[in-house]
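Below, each structure is written out as C-alpha cells.
In what follows, subunit A forms one complex with subunit B and a second complex with subunit C.
Entry: the complex of A and B
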C-alpha cells in the first residue's frame, strides 16, 4: 500500500468511527423527537420501537399546547433572557470602558473586586439571594428572575481586553473636538467591538435562557414560569404521559436549535475565546 | 492621512500634558457604580450573610436570633444526610472530571484533522450544547426508564437507572457527561488545532509515532486548556443539583443527594437557613480548595521544556 492510500484508509475509518460516535451522542435528541410522534398505545407496547408508526401524528403537540401554557413559558423565558442580557451587557460595557480608558485611584482594586465575583459560585449564594429578592417583593416578577445575573465579570473582562486595543489617543482627540465620553463610546467604541459584543450577547442570552434553579426558586405562579422550569412540571400532570412530555420537550427544543444553528459560529467563538482568558 | 496622523499625535500629546480637572475624576467611578452596586448586593452581601448565618441561629423568616459559634457546623458534621451528600458529591466529581476529560479530549483528537465530513460529525458532537439541562434531564428520565425506556431494551438488561440505589448516581453521571462533553470538546479541538503543524511535521520526520507526538507535543501544548477544563468541571460537578432535582429528587434513599441539593431542601423546604448556610460554606471551601490545589499543582510544572 502506498502512503497516500494508507492515509486515505485511515481517514475513512476515522470518519466512520466519528459518525457512529456522533449518532450515539445525538441519540437522546433523536429519541425525543421520534417519541413526540408516538401515541400512548405505542409507548405502552413491548418491545419499545424506536420509530413512531407515523410522522403525521401531530396530536401530541396539540394536546401539549392545550394542556400547558408552553407558549407563555417561552415568552417568559424570552423576556427574562433579553432583560438580563441587556442589563448585564450595559453594566459590563460601562465598567469595561472605565477600566480601559480612565486612570483613577483604586482602579486595580476595583477591577479585582469585579473579577473576584467569578470565584463565588451563584449556587452557594442562592439562599440569601432568595431572602433578599423576596424582601424586595420581586418574587414572581421578571426583574426578580434575572436580577442576580446582572453582574457579568467575564463579559466585562472580555470587553475591557477588546477596548484596550482602541488607541487612547483617539479618545483624547475626540474629547478635544468636544465629543463626550458617552458619545465616543456609542459611536466609536461599540461599533468597533461589534463582533465581541454580539458573541457575548449570545453567550449571555443562552445562559439566561437555560437557567433552571434560580427561576424555579423565585416563581410560584404558574404563568410566571420559564420554559425550563415549566417543562419539568409536566411530570406532575400525570406520570404516564410520556408522549406528551416528549412532545412538549421537542417544542421547547425548537428555539434552542434554531439559535444553535444560526449562531453556532458565534457561540463557538465566544466560548473558546472566553474560556482562554485564564 | 499623514496630516491627520500628525494632528492626532499633537493633540493627544497636548491632552496628556494638560492639567486634569477635578470634575473629570469622578466620571470613572460613575461608570463603575452599576456593576459594583449589583456585585455588592447580589454577590458579596449574600456571601457575607451566608458566612454570618452559618455561625448564628436563624429563624424561619431569615432573621438572626442569636450567636451559635461552631454549633451549626458541629450539628452539620454529625448529620447523617450530610455525610451521604458529601460522599455522593465528591464521588460524582471524582468520576466526572477525569471521564469528561478523557472523552472530550478523545473526541477532539479524533476530529483534529480536517476531513470531508468534519462539519457533520463536529456538529453532532456539539449538539448536546443546544439542549438545556432541564430538557436533557426529562429526555434521559424517559430514555432510561426501566419499563418504557429504550436503553434497557437495546442493551438487553434490566436496570433501574434512576430507581436503583446502587446505580442511580451513575445514571446522573451519564447525563452530566452528555451535557458537559460538547463544550470541552470544542475547547480541546480549538486548542489542538492551534498547535503549529511544523512542530508535528518535524517530529514525524524524526520518526515520532502517534503516541510520542501526543504525549510529547500535543498534550503539553494544550495543558493550559486542560487545566481550565479541569477547574471549571470541578466547580460544575461540585455544584450539581439540577438533574438530581428533576429526575431523582435526591433518592432513592438519598443515593443521589448532593450538597447543593441538600442545601436547597434544608433552605427552602425546611427553612433551616443556618444549616443551608453551613452547607454552602462547606461546598464553597471544598470547591475553592480543589481549584486552588489544581492551580498550585500546575504552577509547579514546566510544560515547555
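Entry: the complex of A and C
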C-alpha cells in the first residue's frame, strides 16, 4: 500500500467514525423534532416509527401554545440569555486581557482566585445567592435572573489562554505607535480571537437559555417565567405528555438552532483552535 | 513554584466550600428554633384581629397544577376574582412554581434565608414539602383558620383526603387535589381471553397472565403488568396487610412517620416486607409482571399492557387518548394476597396557608382555600381531570351526577376510597428521594439476580435503615 493510499484509508475511516458519532449525537434532536408532529397514539404504535404519520399535524404546537404562554416565556429567556451573555463576555474579555498582557503584583494569585471559583458547585451557592439577590430587591427582575451569571470564570480562562497566543511584542509595537490598550484590544485582539469569542457566546447563550432552577427561584410572577419552566407546565403527575413536551422543546430549540447556523463556521474554527490551545 | 500555587489554590477552594457549608448550616440552625414560634403567630392573630373587608387584599398563591389541571386552576382563580373575591375585596394572584418538589426547594430556600416576607399566602405542597411547612413557624393551619371562622363546616370534606394532611392531630392543609391509585385494564383483551372478572390479588394477576396471549392483535409483545415498587406503592401493599393493633401495617415506625420522625423500618421485623416480596417475586418469576419503572402509560395506550396501576387523576387523559380503541376497565388496586384489605393511600397535595403577622391577610387566604374546596370547584376539577371531588356537596350538582353515571371508572376510585382504612397512610421520611430509589434498586436486584427473599429483606432493611439513620444524624436538632 502506498503512503497516499494509506492516508486515504485513514481519512475514510475517520470520516465514517465521525459520521456515526454525529448521527448518534444528532439522533435525539431529530427524534424530538419528528416526535413533535406525532399524535399521542403514534407514540405507542408498534413497531415504533421514527417518522410521524404526517408533518402537517400541527396540533401539538397549537395545544402547547394554548396551555402555556410559551412565546412570552421565550421572550423572557431571550432577554435573560442575551443580557447575561453580553455582560459576561464583556467582563471576560477585559479580565482575560489584563491577565494576558498586563504585569501587576499578585496577578498569579488573583488568577488562581478566579479559577478557584470554577470549583464551587453552583448548587452550594444557590441559597446564599438567593439571599443576596433578594436583599438587593432584584426578585422578579431580569437583572436578578442573570446577575449571577455576569461573571464566568471558565469563559475568562478560555479567553486568556487564547489571548496569550498573541505575541506580546505586538502589543509593545502598537504602544510605541501610540495605540491605547482598548484600541489594541478592539482592533487586534478581538478580531484575531473571533472564533473563540463566538463559540463562548453560543455556549453561554445556550447555558442561560437552558437554566431552570435559578430563574424559577428568583421569579414569583407568571409573566417573568422562562421557557424551561413553560415546558414543565405541560406534564402532569404520572402523565408525561411526550407529544406536547417534544413540540414545546422543538420550539425552544429554535433560537439555539438559528444561532448555531449563523455562527457555524466560526464555531468549528473556534473548537479546533481551542483544542490546540488547551 | 508551580506546586506551591496549586497548594494555595486547593486551600482556597476548600476554605470557600467550608464557608459556603457554614453559612448554610447556620441559616438552617437559626431557622429551626423558629419552628417553635407557632404560638407566637397565634398570639399575633389575637392582636391584629382584622375583619375590615373594605381594604383590598391581594393573595399570592403558589401551585403546581400543570397540564389540564393547570388550565382549570387559572379558570378557578379568574372565577374567584370576578365573583366571591370581588365581593370580599380579595384578588388572587396565582403563580405556577414547577413541580411539587420545585416548590419545596423554593420554600426551603426562603426559610433558610429567613426571607419570610417572600412567602406566599397560600402554598400547594405535597408530602415532600409538608415537613418544611410544619417547621416554618409561619404556618396558619386549618385549625387556626377555623378558630377565626367557626361557621365553616369541615365535615363537608371527605374524611380520608382530609386526614391525609392531618399530622399529630393538627390539620395542616386542605386537600387540593386528591386522588388515589386504582388498576385500569384493557377490558377488550380480557374479554378476548375469556377472563370475566378483573384480578384482585397478585396471584390472580398471575392466573390471568396464563390465559392471556403472548402478543396482541398487532403482533406486538403483550405485557401483563409492569411496575417497580417504590415508596408509595410499598405503602399501599404493606398497608393493605392488617397490622397487630391497627387495620394497616406500616413501612416505617411512628405510623409511617406521621406521629413523629421515622427512625427505622418496621415492615422487615413484622414480616410484611417478606410477605410482599415473596408474592411479588412469584408474580415476576411467572412472567406476569415486568420490572419497568416508566413508559407504562404509552404501552397501555398502544394495547401492549393489560393492567396499569395509576392515579385516578389520569382518568380524563386515559379516556381521551384511548378514544374508544378498546374498552377501559377499572378495578380496585390489587392486593398482595387474599388476607390483605382493599385500598390505597391518598395522593395529591394540600393547600396550606401562611400567617406572616397579618391576620386579615391569612383570613383572606382562607377564603380562597375554602373556595377551592367548595362543591362546585371540586365538581369541575373532578370532571376536568379525574381527581376526587373532596366536597361531599358535589354529589348534588347535576353535571357531577351525570359525570358519575357516564364514567363508572371514576366511581371505582371513590368506592375504593370509602373502603380504605384511615389507618393506611403514606410514608413520610426525611430522605424521601433516596428512600424511593433504594427500594427500586433493591427490588430490581432481587428480581434480576434471582436473590433469595430472606436475603433481599435483610439487604433492603439494612440499606433503608442506614438512610434513615444517616438523615436523622445529620438533621438532629
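To be clear about the criterion, the second predicted complex is superposed on the first by the 173 of 278 C-alpha atoms of A that agree within 3 Å, B and C clash if a C-alpha of one lies under 4 Å from a C-alpha of the other, contacts with A are read in each partner's own complex, and residues count from 1 in each chain.
FYI, a contact is a pair of C-beta atoms (placed from the backbone, for glycine too) under 8 Å apart; a residue touches a chain by one contact, two chains touch by 3 or more.
What you are looking at is a predicted structure, and each value in this text was computed from that prediction instead of being measured.
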Touching partner for A:213 - first (subunit B), second (subunit C), both, neither: both
Touched partner set for A:127, first subunit B, second subunit C, both or neither: both
Partner chain in contact with A:170 - subunit B first, subunit C second, else both or neither: first
Touched partner set for A:108, first subunit B, second subunit C, both or neither: second
A:245 touches, of subunit B and subunit C: first, second, both or neither? first
Which of subunit B and subunit C A:119 touches, first, second, both or neither: both
Contacts of A:232 with subunit B and subunit C, given as first, second, both or neither: both
Contacts of A:138 with subunit B and subunit C, given as first, second, both or neither: neither
Of subunit B and subunit C, the chain that contacts the larger number of subunit A residues: B
Which superposed partner A:65 touches (first subunit B, second subunit C, both, neither): neither
Subunit B and subunit C footprints on subunit A, overlapping residues: 43-44, 46-47, 113, 117, 119-120, 124-128, 130-131, 213, 216-217, 229, 232, 234-235, 242
Subunit A-facing residues of subunit B, complex: 7-9, 11-12, 14-16, 25, 27-29, 31-32, 34-36, 38-39, 41-47, 49-50, 53, 62, 107, 110-111, 113, 115-117, 120-121, 123-143, 145, 148-150, 153, 178, 181, 183, 186-187, 190, 224-225, 228, 232, 235, 239, 241-242, 245-246, 260, 263-264, 267-268, 273, 276-277, 280-281, 283-284, 287-288
Touching residues on subunit A, where the partner in the complex is subunit C: 40-41, 43-47, 67, 108-109, 112-113, 115-117, 119-120, 124-128, 130-131, 134, 139, 213, 216-217, 220-222, 225, 229, 232-242, 244
Residues of subunit C touching subunit A in the complex: 5, 8-9, 12-13, 16-17, 20-21, 23-24, 27, 60, 62, 66-71, 93-100, 102, 105-106, 109-110, 112-113, 115, 118, 120, 218-220, 297-304, 310-311, 313-314, 317, 321, 323, 325, 347
Residue ranges of subunit A in contact with subunit B within the complex: 11, 14-15, 17-19, 21-23, 25-26, 28-29, 31-32, 35, 43-44, 46-48, 50, 90-92, 94-95, 97-99, 102-104, 107, 110, 113-114, 117, 119-132, 147-148, 150-151, 153, 156, 168-170, 172-173, 175-176, 181, 209-210, 212-213, 216-217, 228-229, 231-232, 234-235, 242, 245-246, 249, 252-253, 256-257, 259-260, 264, 267-268, 271-272, 275-276, 278
